[in-house]
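Below is one structure, written out as structure tokens; the observations come after it.
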């Protein structure tokens, strides 16, 4: 989960990484109360790396120009995002620009320090020649940072000031449980002073629960990559967003992906694919498998493009025996109280029964013996029965067949 | 590795990641579960196990412990694991998912120094059908035999065991190294163990998108593994993840290979290593039989 | 270096150790603006452990009583200290009281966790039976805290809440580079809630340089154990304060102590003994051996009880060759400009020459060959020569003889 | 211990704790000083030594380094020491005084795991007269012989060497373990080394108030040391330190012995162990001669 530049720079300031004097601009008229001297640079606070090329970064010399520029940046969408905030920052004369990063490398299971004496427009194709790195094998100590600076070909005072910045980046990385902290570019002035001109920070989502201060900053960010309301409603769940007719629910990411592949390879089109996992992962969502299943079904029913829900459960679920109850409740509430799971989008008078998605339920394992019998006996609101199978290939074939044959269109 | 039925096993933490059923299955499968540790619950019985407040109390009462199965809250995994290591336990199986990666980095540094095997986190553990179950793998899908399954998934692993069992192919062992971004033991370590394991005649490697573990495994198979290997990669049709950072490895940063972490990349590496790849789980038994000929 | 209770409780609050609502009282009338409900307890903020017995802690029920009690506490010296501040705190009903501490054990070179289910009036003679401890052998992890709580005989929820407090104490201990953090007593209410009712914190003096926020808090504290102005002027130097006529200056604590012993055993009385060390230790005082020697001599000359200064240098001093220059400067400035080293106490018209202390300089090592010759030729303002020797026993004998024979009294 | 003249020695940091004179003395006494490390000064020459930015560069150029002498700012000692350990240097002599104690705790945990000898901090190091000088001990007070000096002081150690030399008693080795509250190697370790050292016939133990190192040494001498030991404790007339916390050991907390850390306590322990104690430095040669008979 990434932060915006102005948030990153607040963190840099706290930890002691040098940044330019800057000011957050929520509205163009804020520039009348600017405390920084002109010339300044105005930067759109969006997540796109390409914002400079897109016109999201402007140099201005006077208040009048600044307000005009701010108005146009506020109205300039970059990769689909309109900025809520701009950052006004002093201008800085650089002689050199570097790239610095600390990233968690999941292959070597260690943080890695990265540095390059090119910046901004790094040619990533050729970067493996120019990019230097140091694996932080044991507990970090400043000599790892010096090792990086030397590998970058630096020496003397500059070697030391760069390694000091890397040290502080690492400190931030550990303190805040980050996946990445990046300075790009780090400006070096003719006198050898260094300045973090732009920075990225990516917070590890699993560690946010132990950083209440970060959780606050990031709640807004969670949903920015999702387009459908169904998926947005599921918050930080484990979702693959696709746009076909067959929704897939399962326990386990690998199994969901295998199911998705099978659907595609059998000529079907998967819709939202949702991993209910085996147990709840984070403290921030202290839910149960049962409650996740219930919420997932009700959410999917609001998505009119979904015609079939393929449920694939196997193995050990802490509340396995209750799966059939949740599905039965879902089916019954769909029959009797159509509003209950369609709070906002329901168009009241319509007969929801015909619009109820078909259900294919694949349950493997003795834990589900009862559930299978129970479900096979149920009828959905559209008066069709629930398809209950034990074999995965068979379940997929049924789902694809049903999606193809459903004569009705859900509205 | 000490995976004999006589080795002593402990459970740390009784969260939702482990149920009465899991514990009963472990016992039924011959695992010598001696106790549980759950701070604040010392003196109680949970799922028929005597419960202690500290690992060292268990060691004091039962002698050296071989393996611990860690099921505490993800944020307490590091502490539980360090406690186990301090009590000279050398095999740790971490069931809990969602351990903060930097906690894992710290744990792995310590584990390497102390020559401790870490399986997981986010792993259902290890099963040797008919002999021992260390974790939450459902034994009902397994049957003793000669196929070694190596995976980083949970339910997908069971799916494949089920297909093999239905086709009359028993398993010598099944290990999931865990599906978190940072895990202890690697495919490479387990490929080597299975290559040397007398009971194993053929290895089934199960992969999925993300990281480059399967690519590394493919290279290692070509170089060092004598036994036949059959692979299956899930997610060939899944849309790519949006950010290279989520798979955050150095290879993903340097070079920024657009295919890094994709199923496509993994299939290419396996094909290059001449490992036959099944198109669907149900095709695996067929390939295994071919490999065994 | 210890903090006062109210400072300790500020730190406890920051780190998450439960403390009662409290308010700092700088003046009795502050109690009119009290935000805590009565009854309250007023506590004298002094460093003495015995303040309750001495009357420095009073329970009051009304504002009138509180102001009266505050007035009397502000005027009550405890072990010679008058409080600058009081702490007003809510009252707490405890069912049990515990002692908890984290202390650095220099024998095992590790931090040690301490706990006892008795508190306040611990009988330290018998404490080794009741006091439980855990050595933090490897990197701290919460299981060490649980181990302590179990050793204390606690179980269930109380075991966990106590170990949580110990965890936070350890976190504070490491974050702030402490020698000791102590809660005494930790109150436990009938519902099992825990509360740090009083606490001590001792900051490691060598680490303060890397904690600017602590340096600020502690500057006031530095000199509270020293009575003489001479010693106070030397700030955080390495000083042993005694009250005889022979001041001792040396390089190295062991050597100073050996010299001190020799002086006493030869019938002399040591005055201030000052270790100039070999090199500067802390960043906060970036000085040189030469400047320390100069400052030490000038300070000692202001102390009228000092009749002989015995200088004992041996071995390697980075500025060894300059030692004679500094001593010569000192002697000369004493002769020509008496005011220069007696800024405040000088009584102008007097002839300082007669009051100049005698100097015995013991220099061992070839590094001092030149210095010895140079010094032997000098005359002090009182027209006596400087005694220069190579042998320690001889130097001590000379100093003792001179202190005995000096007929004059310095004013 | 590798204290031969052929062992390769490095200096980390050129602060005021080490001077041109010290470096010259080390060279003159046979120490094989190969290089210095001072970040930011790579490529320069300091006191005639080639200077590098990193320890690993020195190892690359000169091969394995046996001993490093650390003279960096006290707050950088931990980093310098960890860098040395990461470069497989197994003997560290820390000259710098005033290292924050918790840095030392961290370093010692690491050093113990890596079987690294740490002498100091706040130590002038080790001298074997006529053979090698590792640190800042002034060789002019020493002469080769059979007396091993073991101390935690700096100048007081030289004072005693000087007395011995003047009395015609040469030294086999002189070690100061350092005068900071927390130091690496202990009196016990060195007593054992000197007891086994063929060149040493008698040991002079030099103590001072604070802590309980001398008491522990006295107990160890009574139990395990065969060679004669003579002791001297400075500070018998010094006023007691005001706070038990400054000597902060567990023994000082539990029991709160009012005599803990005092010279009196140390003298009692030595007397109990039947170790003869000199009243003044100049009396030591006499006791040594008696012990040698």
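Letters are used for the chains, namely A, B, C and D, taken in the order the chains are written, and counting of residues starts over at 1 for each.
Here is the rule we use: a contact is a pair of C-beta atoms (placed from the backbone, for glycine too) under 8 Å apart; a residue touches a chain by one contact, two chains touch by 3 or more.
Since this is a predicted model, take the numbers as computed values, not measurements.
Shared contact partners of chain A and chain B: not a single chain qualifies. Taking each chain's centre as the mean of its C-alpha atoms, chain B lies 56 Å from chain C. Mean C-alpha position of chain B lies 50 Å from that of chain D. Chain A and chain C have centres, each the mean of its CA atoms, that are 54 Å apart.
The residues of chain C that reach two or more other chains are 137-139, listed in rising order.
Multi-chain contact residues, meaning those touching two or more other chains, do not occur anywhere in chain B.
Judged by the touch criterion defined above, the protein chains form a single closed ring in which each chain touches exactly two others.
Contacting chain pairs in the structure are A-B, A-D, B-C, C-D. Residue ranges on chain D touching chain C, taken from their complex, read 15-17, 19, 21-22, 73-75, 97-102, 104-105, 108-109, 136-138, 140-141, 151-159, 162, 179, 181-183, 206, 208-209, 211-213, 216, 234-239, 242, 245-251, 253-256, 279-282.
By the touch criterion stated above, chain C contacts chain B in their complex at residues 137-139, 141-143, 146-147, 150, 155-157, 159-160, 163.
Against chain B, the residues of chain A that register as touching in their complex are 101, 103-112, 114, 124-125, 127-128, 131, 133, 137-139, 174, 177, 179-180, 202, 204, 206-207, 209-210, 225, 240-242, 250-255, 257-258, 260-265, 270, 273, 277-283, 288, 313-316, 318, 364-367, 392-393. Chain D contributes residues 39-43, 53-57, 76, 78-80, 82-83, 86, 110 to its touches with chain A in the complex.
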